[in-house]
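Take a look at these structures.
Two complexes are shown next, each including chain A; its partner changes from chain B in the first to chain C in the second.
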Partner chain A sequence: MAQIELKALQKAWDDAVAVQDMNLTIQDGEFVAILGPSGCGKSTTLLMLAGLYLPTGGDILFDGTRVNEVEARHRNVGIVFQSYALYPNMSVLQNILFPTRSQQTPDAEKRAREMAEMVQINQLLERRPSQLSGGQQQRVALARALIKRPNLLLLDEPLSNLDATLRLTMRAEIRRITRDLGVTTILVTHDQLEATTMADRVVCMNAGRIEQIGRAEDLYLRPDTLFVAGFIGSPPMNLISLPHPLIEVPSIARTFGLRPEALRPAETGLPAQVTHFEPMGREVLTTVQTPLGLLRFLEAGTQPRWQVGDSLHLTHARDDAILFDGTGARIPNATALMTEQGYA
Partner chain B sequence: MVDWVKLAQRSRLGRRLRLGALSVFLVAVSIPIAVPYIWMVMIAFTARRGMAETGTLWPALLVILVGLGIYGAAMLWLRRERLAIVMGVLTAFLLGLILLGQDLHLQNFRFMVNANIIDDLDGQGTVGERYPWVWEAFANSLLLASTQTVIVVTVSTLAAYYLSRFSFRGRNTFLQSLLVLQAFPAITLVIPIFLIVFWVGLLNTLYAPILVLTALELPFFIFIMKGFFDAVPWDIEMSAMTDGASRREAFWMVVLPQVRVGMIAIGVFAFIKGWEEYVFVNGLRTGESYWVMSTYLYYVREDVMGVDYGMVAAVAVLYVLPALILYLFCQKYLTQMTLGGVKG
Partner chain C sequence: MKATRQRFDAFLFLGPAVVLMLAFFVAPIVVNILVAFSDMNQTVRFEEFPTTKQFNKLGKLDPEAFWGIELRGSFYRALALTASFVLLTLIIFNVSFALILALTTTAVPERMGAVFRAIWLLPRMSPSVVYALLWLWVVDSAERGLLNQVWLLFASEPLNLRLDHPMAVIVVANGLIGASLGMIIFTSAIRSIPEHLFNAARVDGAGPLSIVRHVILPALRWPISYITIYQALALLVSFEYIFLIMGPARSTMTMAMLSYTKTLAPGIGGGQYAYGASIALILIVVGIAVALLMWRLINMKSLLQRPRIEVN
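The block that comes next holds the complex of A and B.
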């Protein structure tokens, strides 16, 4: 178990920069998710942490010691890939034992069986990986990554190949196991639900840079940048370019953001016409055409209250608006209101 | 009103007609391919006085057809494959004994026990006082084929791994030139290769054809093997390296077992190429310095006393046998070649 520190970490290829100026400290035993769209540099970061890629700038520190040039096999890092990367020519037990092969510990097999029990695959030890289901392979990969008591556990999109129900189970399983073992864990994912449900802290990345680091609710309620605001949240935030005559804002604001659940129908307010609705279980997502363009709002209820073509008015609380300046940074403590007529 | 019954009848009839036409076509094209082999075997076991008589060919074909007919009929009515095979073989054997019994003999195989293949002229062979001995040719062929198989498999596996996994300057040019090399007919190189071999001092040794064949075969086999390595996911290697393996260990323990099929496949092809080679074994010797099976077959055919077709056929049977056995045993690997091989 270790405390991990990244200082001004950079990875550049011949023709592109994958990661730049990345600063991050992860406490011992903490579970951190790196969240971002594909190509944002999150997997590159992971492979640098594992020791498979050499950073082109900056430092990686394990417990305060610089490990940049330490080879992957000496870093004592466990990794679980999206494809699970089990060794097809070995049985499940051999797979789990593989990382202990050089240490020659007599109790390795006993420990392998403990690990197998912890991830609930002790019935499958003699099978080949090809005879296992996706979820079982996932568990084998996890046991294999954990058998050597790693300093750091890296999870690269571990749930993407599972079906929805299994994903829910494995999310809780992985969280339980890492908490029981107290292992420092970094999860790389493009799925915000995975990141926000599993991690203590979420690191949101875009185009090789960290956009924001914080707890899930910070990222949701107080996004630092326009990118985070648009990326976090499903359905996504309504974003409107400013200045607009129907929105009353401070003059430096360039984008106006409003979560779908912050909008609500009212007697007066912005006129809107329903174009589409999607029942989502306990809520209904309604898309409306307004003078500000298409907006989405969420309402509680299993049945749609409106029909396509209905006219209504929308309003919101002044504090719910989130404003961004021309660089995409959030303007703190700013409020704004959509009005029925132009305010000027 | 659509007449469904009639339409279904028509479709059934059409399907049967198409299937029948296809069978007739396939049988028609396979006859000219299969008959020479049957004839070769029949001549080897029945020809006397050096003459190839067609007299035994037609009864032999009849025997085979009846055997196949019995097998087919048994399959149709009894639907038990092993029983059908036994019945077919048994019928063919009995019928063959009746029709051909007194024609069969092993005289044509006397070259296997006596180097002097011209019985009447004791002591005066075609090579001064010495006759080429078939087992020497057989051993040389075996040596030639297996040595160059070992070299080809080793070199192309290592080269293909490097080409598949590492990027280096000129990699693409290298890959393209591999294919361009394959476009030239090797026979155009006989004279320059002869000169090089002469200067190097390997003329009239077995090293010459071994090295030349290896060099000529490598480009294509490297390309095939690269396809197999491309199909092995990177994740598995990276996983092995974080699990404490060095790059070499990862290659040996995790990657190589997954390209085993490819290695077997190119091994079989390389062996058969070496086994059947005639141009470069004949072109790189200036006398009777070494004999291999192909030159031995040519020698038997060229005998001064007139051609003994029975013996030519008998040598041919011996010549075909190892390649045939190899194919039969490795068939399942060869058919898998398309899985990995052509994907790249």
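The block that comes next holds the complex of A and C.
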């Protein structure tokens, strides 16, 4: 277990910068998710942490010790890859034992069996990876990553290859195991649900830079940047370019954002016409055409209240609006309101 | 009606391939068998048929001898030379050296690796006569020989490798050119190993040798088996470099060389078609036996059926 620090970390290739000026401190035992779209530098960061890539700038510190040049095999990290990367020629038990080969761990096999029990694969120890399902393979990969009690556990899109139900189970399972072991964990993912449900803190990355670090609700309710606002949340936030005659805002605001659940039908307000609706179980997502363009709003209920072509009015609370300036940064403590006729 | 049509279609599609196979693979063997049991010589006529005359030249039945056949000295020698030529070339070069080439050229940066592999392919691209001529210059017993030019910097007597170490000369000459096939097959197999597997092994504490042993070699099981069988059969009947470098020397008269010199080599006892065919027939039988034995040993069937590597 260790405290991990990234200081002005940078990774550049001849023609491209993958990660730049990355500063992040992860507490001992903390579970942090690095979230971002593909190509944002999150996997590069993970490979640098694992010791598989050499940073081109900045430092990586494990418990205050600089480990930039320490090879992967001497870093004592565990890693679970998206493809699980199990050794196809070895049995499950041999796979789990593999990391202990170089360490001469006493009772390695006993530990391997404990690990297998923890991830609930003790019945499968003699099988080959090709004889396992995706979920089982992932449990093996997790046991293999944890057997040498790593300083740091790295999870690279570990749930992407699983079906939806299994993903739900494994999310809880991985969280339980990392909590029980108290291991510092970094999860890399493009799936916001994975990040927000599992992690203590989420690091949102875009184009090689950190956009925001915070708890899931911080990112959702108070996105620091336009990118975070658009990336976090499903269905996504309604974003409208400013200035617009129908929106009353401070003059520096350039983008107006409103979560779909903040919009609600009312007697008066922005006129809208229903173009599409999607029942989503507990809620119905309705898309409407308005003078501001297409907007989406969420209503509780299993039955759709509107039909395509229905006319209605939409309103929202002034405080729910989120405003961004020309650089894409959020304007703190700003409020705004969509009006019916225009404020001017 | 439909069944007839299906049969006709099958014949139509398979026909050309079947005809080619019959003409180029089966027919020569049949002809070879017929000739082997005849007395065909320079006149190219079937006179005595069938006769085991040719085989009697190679050995005679003897209840006292091992396996009941006493081999003629020259034939026994040819068998022994063939065995050592095939085994040495196969094990040292076509498999081990090819593996080393594949491992090293995939470990260095990609472009550099490609350059080295291209260099190793050059002899295969050049005409065999050119390659053989280069070897003749390298091992030339006079002072102008390339090897001797270096050797004489340290020693006083020039080397005569063709006389003193003939087997070494043909093994190295065949091996250096033969290793390139294995190199290419092994290289592509190594490249098909998912990158994640290497990363996982490195994180799991494996050093370079451990990665070779636990990640690369298991993935190369099938290619290694394939190269072993394929090259063993190829070497068994290979004679061109032996002939071009050594000529009809007794010291390197393998089965394939013997068969060639008895039939087609002009001026050095060619024209004994039936005799050569009988040797070739034995080579064919040995080849089939070797292939079947290796097939069984390597358990090729299961290797062909099982997925070789897991790619998600």
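Please note the rule applied: the second predicted complex is superposed on the first by the 343 of 344 C-alpha atoms of A that agree within 3 Å, B and C clash if a C-alpha of one lies under 4 Å from a C-alpha of the other, contacts with A are read in each partner's own complex, and residues count from 1 in each chain.
Rule of thumb we're sticking to: a contact is a pair of C-beta atoms (placed from the backbone, for glycine too) under 8 Å apart; a residue touches a chain by one contact, two chains touch by 3 or more.
Predicted, not measured: the structure shown is a model, and the values here were computed from it.
K.L.:
Check chain A with both chain B and chain C modelled on it and let me know: fit or clash.
P.N.:
Aligned through their shared chain, the two binders clash on chain A.
K.L.:
Touching A:130 in the superposition: chain B (first), chain C (second), both, neither?
P.N.:
second
K.L.:
Name the contact category of A:161: first (chain B only), second (chain C only), both, or neither.
P.N.:
The second partner, chain C, only.
K.L.:
One more residue to check, A:42. First (chain B), second (chain C), both or neither?
P.N.:
Once the two structures are laid over each other on A, A:42 reaches no partner at all.
K.L.:
Could you say whether A:296 touches chain B, chain C, both of them, or neither, answering first, second, both or neither?
P.N.:
A:296 contacts neither chain B nor chain C.
K.L.:
Quick one: classify A:139 as touching chain B (first), chain C (second), both or neither.
P.N.:
Once the two structures are laid over each other on A, A:139 reaches no partner at all.
K.L.:
If we overlay the two complexes on their shared chain A, which of chain B and chain C does A:190 touch? Say first, second, both or neither.
P.N.:
A:190 sits against neither chain B nor chain C.
K.L.:
Please work out whether A:50 is in contact with chain B alone, chain C alone, both, or neither, and reply first, second, both or neither.
P.N.:
In the superposition, A:50 contacts both chain B and chain C.
K.L.:
One more residue to check, A:98. First (chain B), second (chain C), both or neither?
P.N.:
In the superposition, A:98 contacts both chain B and chain C.
K.L.:
Give the one stretch of chain B, out of 21-29, 57-65 or 75-83, that collides with chain C after superposing.
P.N.:
21-29
K.L.:
Across the two complexes, find the residues of chain A that touch chain B and also touch chain C.
P.N.:
In the superposed arrangement, which is not itself an observed complex, chain A uses residues 47, 50-52, 71-73, 75, 77-79, 81-89, 98-99, 101-102, 144, 148 for both chain B and chain C.
K.L.:
For a test of understanding, state which residues of chain A touch chain C in their complex under the given definition.
P.N.:
Listed in rising order, the residues of chain A that touch chain C are 47, 50-52, 71-75, 77-79, 81-90, 98-99, 101-103, 129-130, 144, 148, 161.
K.L.:
Can you list the chain B residues touching chain A in their complex?
P.N.:
That would be residues 233, 235-236, 238-246, 253-254, 257-258 of chain B.
K.L.:
Where on chain C does chain A make contact in their complex?
P.N.:
Contact set of chain C toward chain A: 194, 196-197, 199-207, 210, 214-215, 218-219, 221, 307, 309-312.
K.L.:
Can you check the complex and tell me which residues of chain A touch chain B?
P.N.:
47, 50-52, 71-73, 75, 77-79, 81-89, 98-99, 101-102, 144, 148
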